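Next come the structures, one after another.
Two complexes are shown next, each including chain A; its partner changes from chain B in the first to chain C in the second.
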Partner chain A sequence: MNSPASFMDAPALFSADGLLGIIFLIMIAVTLTGGFIAATAERLVRALAGIVICFTGVAGFYYFLNSPFMAMMQILIYVGAICITISFAIMLAAPERTRKTGPANLLSGPLGFIIAALVFGGMCALALRTQWEPFAKSATGTVREIGIELLTNHSMVFELISLVLLIAIIGAIVIARGGRTG
Partner chain B sequence: MSLLTIHHYLTTYLVFGAMLFSLGIYGLLTRRTLIGMLIAAELMLAGVSINFMAFNRFLAPDPAVGQIFALFIMAIAAAEAAIGLSIVIAVYRHFKTVDTEDLINLKG
Partner chain C sequence: MSLTLLNVVLAVFIAICFVGANAAYLVWCERKGAGFYQRRPGPMENGWWGLLQPPIDGVKLMTKQLLIPGGVDKAIFMVAPVLAMFPALISFVTIPFSDNIVAHPIDVGVLVIFAFAALGGMSLLVAGWGSRNKYSMISSVRAVSQTVAYEIPLLITTITIVMISGSLNLGDIVQQQLDGFLSWNVWPLHKEVGFNLLMPVSFLILFVCSVAETNRAPFDLGEAESELVAGFHTEYSSMGFGLFFMGEYANIVIGSCLITILFLGGWSCPFGDLGIFPFTHNVGWFLLKIYLIIFVFIWIRWTFPRTTIYGLLNLSWKYLIPISLFNLLLTAGLLKVF
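Moving on to the complex of A and B:
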């Protein structure tokens, strides 16, 4: 899988490898479209739909990266939990109203685009110019191994994460309750 | 390399992650509501996670570690979304708007 392919051994379009490549290209297109909608749509509900599409595509990427477990967690946590929470927040706190016409922020507009393009160019240059050296695999990364690692080598972080989540939940309740009337 | 085999290469995923990350930066800079900025921040986190998973698949000796790291990113993102959205709702109750241009109480 990892050996560099030359122009000569490009797979036929309707072989298993070729179809896999087509699915991958479609996934890239779908994910980027979703991300673009999420970053630029006028209405927040559309941005939310865009980010749902984008996260689903990212789950497909995890599948291609040998990790169906992470793909499932991506769907479960991002699409199933975070996006639903954001949709509740949109319904509670963002009445769609006429667009403001005042002077825009300095960074919104061409300057923001230039900054994003510079970041993208810089990271692409880094990714393309570096000679990446793979290490020899010492494990396979199955769900069983993830579980064992999580509860042995990384158990401290695991506990801390659960503490952070607990505090976040309590904090969210406390912050959102304050000033409630009726 | 042909276009159909690009999913075998690390750089494809890195460039794609960079693309999502810079889309997130663009959204974060241009959005005028707090919820829109939060959505853009989630986009950036997705790009970062893809980078971690790609390095994990292609370079790391132990492929479990990168997945655990991406899991932690998800947990932090969930905590961040919960706190951020409750702050948004609190701000909305107080100012009756979530537009960043209207939240000028600390402006000098």
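Moving on to the complex of A and C:
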């Protein structure tokens, strides 16, 4: 069965599936809007606000995909920790009215567009050509199951996270030591 | 229970009413409390004992002009008060007031509250930055460094409780504390952990952190009037300021709900279920406990002077975090042993 979905197969607008579809579209819109603001804003703080909107939209996707744990972690870590850290960096480093930094170089001009188009095309091709199989719902998304999965099937990821944390700690020590003179 | 549209609308309506009524009348309680601790009557003019003061204040706030100063970053300036109020509203969705009064008993309830509390931190930052005002800027940097510092011991202490009860669902956490007040998590007598002497200390840490997270005196460095005018909400007038104010009180209610659920047995009766009406497990006990905690919040605010920013950050990084980490390790060890 690999018939492409046609418009006629779509569920009615006010059925449960239809409303779910609308929510899905809203979340796509939120994520894309956030990303667009982040990429085009002239003030750094507005770009940060865009990132926050984008992350919140992605959290909505996780919730939609029946994983409230991931959704909440997305908000807690990305919005609550990472965005606040970025904002600290902006407050400490950037002067009040910083506009775009420096002239556009090759990477932010045509080359960037070409790379983005290639990635987009590649992803589209991948999505359209793959034989999608509905994945059996393995976990209900509870913490216990996530913990067991993380320490058995995905222990590599777990180890890599600890590596990232180690690098972060070393980096923090290096930066903090660098400032000391006496 | 079927999730019809009517149920959803009703739940949202009740949540908003609860938050609004609490915000309005906690301000009244705060002013009465302030009066009590300073030997004066507090608001007395409108209605009996000044009970009509909150609605009148509300009307005043709503009819004032919403001034937007010329230099502000308008979009960000307008978003901040909304961001202050709406996470608090969402957190109420998952708080169980009793075994059957809960809007949506989500499996990761604890995380919902912390995730949206983090969003509340964003609002202070955004408000201070958007105002384009030096005092607001300083205030928001302070408020955010404070939020970040106190979120860590708060989370670690919560993880300790989650480890003991084995669930992130707030309702399940309460279900294990229903056998009278000796089974509450605040005592070092929990059967899974044996005798963990640090539990009362953990309770104190959670309490101090909630006072700090809600930016209340003695930790209200963000809006220290004598140094920073009014901090991050200096430039806000009318309901913009009103939303910050309501958000603060909503956060206080959420903080005391969290303390009650994690450590004080939620809706459980302190004497166990005796079968006669006021001494069964019911929502009355929950409300009694949260308002007692809110009373202590008010008591502390009008008793202690404001700390310094260094004292505040030192307290978190040098004392609260190590102690809460130690209790986490101790609890993990005891869970293995018993």
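Quick note on the criterion: the second predicted complex is superposed on the first by the 126 of 182 C-alpha atoms of A that agree within 3 Å, B and C clash if a C-alpha of one lies under 4 Å from a C-alpha of the other, contacts with A are read in each partner's own complex, and residues count from 1 in each chain.
Keep this in mind: a contact is a pair of C-beta atoms (placed from the backbone, for glycine too) under 8 Å apart; a residue touches a chain by one contact, two chains touch by 3 or more.
Predicted model, so just to flag it, every value in this text is computed and none were measured.
When the shared chain is aligned, chain B comes close enough to touch A:V119, but chain C does not.
Between chain B and chain C, the partner in contact with more residues of chain A is B.
By the touch criterion defined above, A:P134 reaches chain B but does not reach chain C. Using the contact criterion defined above for the overlaid structures, shared-chain residue A:P110 touches neither chain B nor chain C, since it reaches no partner.
In the overlay built on the shared chain, the residue A:F69 is in contact with chain B and with chain C.
Once chain A of one complex is fitted onto chain A of the other, the partner contacts of A:R46 are limited to chain C, with no touch recorded for chain B.
When the shared chain is aligned, chain B comes close enough to touch A:F61, but chain C does not.
In the superposition on chain A, contact is made by A:D17 with chain B only, not with chain C.
When both complexes are overlaid on chain A, the residue A:A81 reaches chain B and chain C alike.
On chain A, the surface touched by chain B in one complex and the surface touched by chain C in the other have residues 69, 73, 81, 88, 141-142 in common.
By the touch criterion given at the top, residues 1-2, 4-7, 10-11, 13, 17-18, 20-22, 24-25, 28, 31-32, 35-36, 38-40, 44, 47-48, 51, 54-55, 58, 61-62, 64-67, 69-70, 73-74, 77-78, 81-82, 85-86, 88-90, 92-94, 100, 102, 104-105, 107-109, 111-113, 115-117, 119-120, 123-124, 127-128, 132-142, 145-146, 148-150, 154, 157, 161, 164-165, 167-169, 171-173, 175-176, 178-180 of chain A touch chain B in their complex. Within the complex formed with chain C, the residues of chain A that make contact are 43, 45-46, 49, 52, 68-69, 72-73, 75-76, 79-81, 83-84, 87-88, 91, 96, 141-144. Listing the residues of chain B that touch chain A in their complex gives 1-11, 13-27, 29-33, 35-36, 38-40, 42-43, 46, 49-50, 53-54, 56-65, 67-68, 70-72, 74-83, 85-94, 98-101.
Residue ranges of chain C in contact with chain A, taken from their complex: 73, 75-76, 79, 106-108, 111-112, 114-119, 121-122, 125-126, 129-130, 132, 137, 141, 144-145, 147-148, 151, 166-168.
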